[in-house]
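Two complexes follow with subunit A in common, the first pairing it with subunit B and the second with subunit C.
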Partner chain A sequence: MSILTIKNLSKSYKKQKILDDISLTIDSPGIWALVGPNGVGKTTFLNVLTNILPADSGSVELVGKPNRDFRIFREVSYLQDNTVLFEYLTGYDHLKYVCDVNKINKARIKEVADYVGMTNYLKKVVGNYSLGMKQHLLLAMAIINKPKLLFLDEPLNGLDPSSAILMRKILIELAENGTTIILSSHNLSEIDRVTKQILFLKDKKIIQINTANYETVYYYLALSHSEKGKLILSENGFLVNEESGKLKIQLKDRSLSNVISILQNHQINIYDIEKEITGSEKLYEELFEL
Partner chain B sequence: MRAFLFECKKLLKKKTTFVSISLSILSVIGLYLFNYSVVEKINKGNIAFYEINLERFNNFVNDSKEEKENAIEAGNTAKAEEMDLMIKRYQESSTNYENLKKSYEKESWKTLYEEDMKNLQIFINDPNGSSIGIEEQLISNFTIRATYEEIKILKENNSKPFIQNTIHDNFLPTIYDNFTGSSLEQWELITKRYGREGFSFLVQLIQMLYIPAVVLIGCFIFGNTISSESTKKRRGINFYKVLPYSNLKIFVAKYLSGYVFLLLFSLLMLAIPLVCSLFTNGLGSLKNPILVYEGSKPNIFGNTLNPIDDQFHFIDYQEYFWKILLFVFLFSFFMYSIYFLLSLFIKNPNITLILLGAITFIGLNISSSEFNPFIYTDIHKIITREIATLTFNPGVSYSTGLKLYLIIGLILSFIGYFKFYFNKEIT
Partner chain C sequence: MKLFLFEMKKIHHTRAFTIFIFLTVLFISGLYIKNYIQQDIIIANKVQQFSEHRSDVFGDIQLYRKQKEEGLLESETEKKLAVASKLHGEINELIQAIQDKKWETELLTEIKVYQSAIVYQEMKGTFEKSKKDMLDTISLNEELLKKGLPKEDMDLSIQPPIFMKKIVSLLLNPFGFLILLLILGTSITREFEEKNIQMVYVLPVSRPYYIMNKFISLVVIGIFWLFIVFFISYLLPYLFTETTENSFSYPLMSMEGNFITSSHYLKEAMIYSLFYMIFSISILIFFGFLIRNTIVTYLLIIFLHIGNFIILTNGFMYQVNPFTYGMVDLGVINDDTQSFFGTSLLFGASIVLMIMSIYMNKRRGIR
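Moving on, here comes the complex of A and B:
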């Protein structure tokens, strides 16, 4: 049984075609990122998949059932934007209702609240929540039923770095535990950290690409003598840029130990090393001709 | 049931709900206190009027006594005897006025009722229909008969009357009087009725289209359960759409919760004047009478009312209020179904409210056909069959109104559901 099956899906809005004859099948757990420029229809695509908006033609099956069947939401969740929250209710009210509807034991509320780090403000009204706190609540609502399939629309919006790290950790854990996740995001570097499977939405179609072949590895180095280090590494044939006081180095076919030994030979101390792998950004540039 | 309870919880937790209900309660309390102060003022005015009259009678007595003494001194026996009679008459009137005033002050209504009945009895069997009037214009025989019967019932039940601008001859205004000019002004002044006890005040409010006003406000507060969650800034409706709930369940929960709250709000607004009265003049009697017209038969003059032959009867407050309760139940359903449907098209509740108010006003005035549901908005005139009598249309009845409200309300609710179900673009 495939988790997600889309057949010849089309959708127009105000006489303008947004999705055109899209077919796609996903039949294994993991994380898929939905990427595309603003206004291209990512949210509409997710809304059509979850039957919030009706499709003009084609069919969608989620967890083996047509998306018109409301019972699928016992196994499917959708993290939408925070306009779906009720400002005058508490986080607890929201979670309790989702539990009631899904016939889940109330003990799960505390468990999930702890997991996403919202225990402290669980009983405060949502109107007093920050953007990040709302995202936490939305995430808690989305995962409280332990879904097989999870859609997330811009889940990293408004998150501070620590929350973003937590969100990333949670998504990876969920995927490892068998959940299929489809998330839309603008943050390509965040996407690269959680998945290599990208669904590009371009020209009303979905282009499914694995970015593993397009990966570029960068290292960020904090050095005792930044200017000197940059000069020496450039002389040795490395592509070096300076970003926020750190040197950004692209290794290509050479190793990190090579870089370290060159710097040590010139008595330059290395205080910190950070690795970044980018794949989607390069692809994005190529696909959207930037 | 879960969705319904969740909706109720949401309605209760909204600050706007709390503020709107509080303001509505305060307004009704204000209205009650205003009416109470007006009633007190009228009471004092009525007593003052009698005190002035008493003083005038005393002056007449003194003047007559003086004239009598002068006549005796002048040896005019005839004049002295005439003055003696005058003095007796003035003293009798003065005593009578004094008694009426005291009865009024002590609220000995029975004495006043007896006096009124004695006065009215003379005119009831008048072969000319009526010979009592204001200035040159006569009060109809129907009104005199109705007033007499009303007073009779009040006396039998030992009930308190409405407060009017006179102590006795408190006429019951009917549709059979056609005063014009200054007579009309005076008639309106002396027949304007103020409810002093809770039940009477409620009847007074109902005659002023209190229920439609309350229901409109209630629709405004509680009728936006879907529309307020389907805007660009607030998409709460999508919260439900990704839960294992059918669209029908979502719609029913939202629709019913709003309606139940509207109903509770309307009943609360009806109860507030009664609660207020408990701290002042009490609830009054449920046996007080309400006039019901029995209509007019077609006659040689065509559709004209016959004040001599046309009949009437009275129902008591208890029956009246049961009818009002059932009306509130179905009228609010009817109005709510229109508001709810409109709100699915128009997201701004202010515009929806104005539109519904305009539709009701136009509907109320556009046609007197029994199939015009808005004609039943003025429920007092429906229960008393005033509209049916005036329009010579017996089809305009309380039961027709309720059936129409139920049928149209159900049809509009179904249309609302289909709009919600098929037009998902609203999200």
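Moving on, here comes the complex of A and C:
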């Protein structure tokens, strides 16, 4: 059974075509990122998939059922824009509502609140929430029913770094536990950290690409002797640049342990190592001719 | 049930309804206090009314006497003088009975006064009250004497059934129901405008079920408001008024000319108001889910209610127009026998509107 099947999907809005004859099948767990410029139709695409907006033509099946069947939402969730929340109700009220319609035990509310880190403000009115807190609530609402298919619209919006890390961790865990995740995001570096499967929305079509082939891995090293470290690594054939007081090193065929070994042999201490993977950004530039 | 409770919670949190209930209680209490304070005015008003009649009749008597002195009195005028003198005496008795608060004497004397006044009017004498009104009053007085009840002022009475009737006429009319709808309307339209509805659309809740849930929660709220109206308007007189025994048997004259008891009136009023409230809410659901814009929906509902009110108050009361039954007081008084037809019409119209609402929204997106 396919998790997501789209056949010849088209959608126009005010006589302007937004989605044109899109077909796509996803039949395994994992994370797919939906990427495209502002206003290209990413939210519309997700809204059509979830039947918030009806398609002009074509069909969509989620978890093996037509998307018009409201029962699919026992296994499908959608993390939307935070404006869908009721400002005058508490986070607990929202989660309880979702539990009630899904016939889930209330005990799950605390479990999920703890998991996403919103226990401290669960009983506060949503109108008093920051943007990040609202995103936590939306995530809690989206995962409370342990969905097989999860749509997320800009889930990283308004999140501070620690929340973004937590969100990333949760999504990866969900995917490892069998959930298929489709998230739209502008944050290409964050996308690169969670998935290599990208759905580019361009010219009203979906282009599905695995960015693994476009990946480049960089490491940022904080050293006790940066200048000496840079010289030594360059002499050993590494591509090294200095950025923000750290050495940025690109590994191609060699390993990080090799780098560490060389530095240690020259009595250079390593205080911090950060990893960065790029791939989608380069591809994005090519696709959208930037 | 749980979804229903969630809807109730949303409505409660908007506070508008709580304020509306508070204002309803305040209005009823205020009217009761005003009536309570003005009880002495009832006697003063009656005395003034009959004093004016007495003055008119006395003026005629003086004219006839002058004609008699001048030798101009004809036999016809002689008769008129006799009737006028009798009438004048009866009016004096009546005023005395009113001032002495002897209600039985008052009722009997009033009957005599109007019987004489009818004869006097037929002789072209001056008495500023229509024959129909006088005949109706005679019938009412006879009915009251049969039941052993004093006459009540329909505007200022603080006896429970009459005060409740006054409240029904003031609150359970197109304007009262309109205010209720305007208070409740935002619970539908705002969810579209503020996109809260999108949250519901991606939950395992069918749209027909959601619409019905919304409808039932609004009906329950409406029933609560009706309960407050009837309960408070009964409770205040019950607690603070020296109630007349058998007051719920007080006769009210219908348009057909027969009498209904005030308990029957109130029972009919409760039924009509309940069904009209259900009909009003189904209109709100229909337009709310169709238009999805607060201002346009409100303007349409206001237009419908005020337009119908204008039609109704100009005498165009049609049994087949469901809005006719929004004037609950008139609806009961007009014809107390048509409640089955009226309630069936309202219920049928509600069902049709709900089916249309569900059908139109079944596949429609948020735009």
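Quick note on the criterion: the second predicted complex is superposed on the first by the 251 of 290 C-alpha atoms of A that agree within 3 Å, B and C clash if a C-alpha of one lies under 4 Å from a C-alpha of the other, contacts with A are read in each partner's own complex, and residues count from 1 in each chain.
Just so it is clear, contacts are C-beta pairs under 8 Å (C-beta built on N, C-alpha and C of every residue); 3 or more make two chains touch, one makes a residue touch a chain.
Please read these numbers as outputs of a predicted model, since none were measured by experiment.
With subunit A as the common reference, subunit B cannot sit beside subunit C without a clash. Within the superposed three-chain model, A:68 lies in touch with subunit C and out of touch with subunit B [touch as defined at top].
Contact with both subunit B and subunit C is seen for A:93 once the two complexes are overlaid on the shared chain.
Applying the stated contact rule after C-alpha superposition, one finds that A:56 touches neither subunit B nor subunit C.
When both complexes are overlaid on chain A, the residue A:101 reaches subunit B and subunit C alike. Look at A:80: by the touch rule set out above, it reaches both subunit B and subunit C.
Among 57-65, 165-173 or 183-191, the region of subunit B with C-alpha atoms clashing against subunit C is 165-173.
Counting contacts by the rule stated earlier, residues 47, 50-54, 70-74, 76-78, 80-81, 83-86, 88-89, 93, 97-98, 100-102 of subunit A appear in both its interface with subunit B and its interface with subunit C. Only residues 13, 47, 50-54, 70-74, 76-78, 80-81, 83-86, 88-89, 93, 97-98, 100-102 of subunit A touch subunit B when the two sit together in their complex. Within the complex formed with subunit C, the subunit A residues making contact are 47, 50-54, 68, 70-74, 76-78, 80-81, 83-86, 88-89, 93-94, 96-98, 100-102, 141.
Partner subunit A is touched in their complex by these residues of subunit B: 2-3, 6, 9-10, 13-15, 232-236, 238-239, 241-247, 424-425, 427. By the touch criterion stated above, subunit C contacts subunit A in their complex at residues 2-3, 6, 9-10, 13-14, 194-196, 198-199, 201-207, 363-367.
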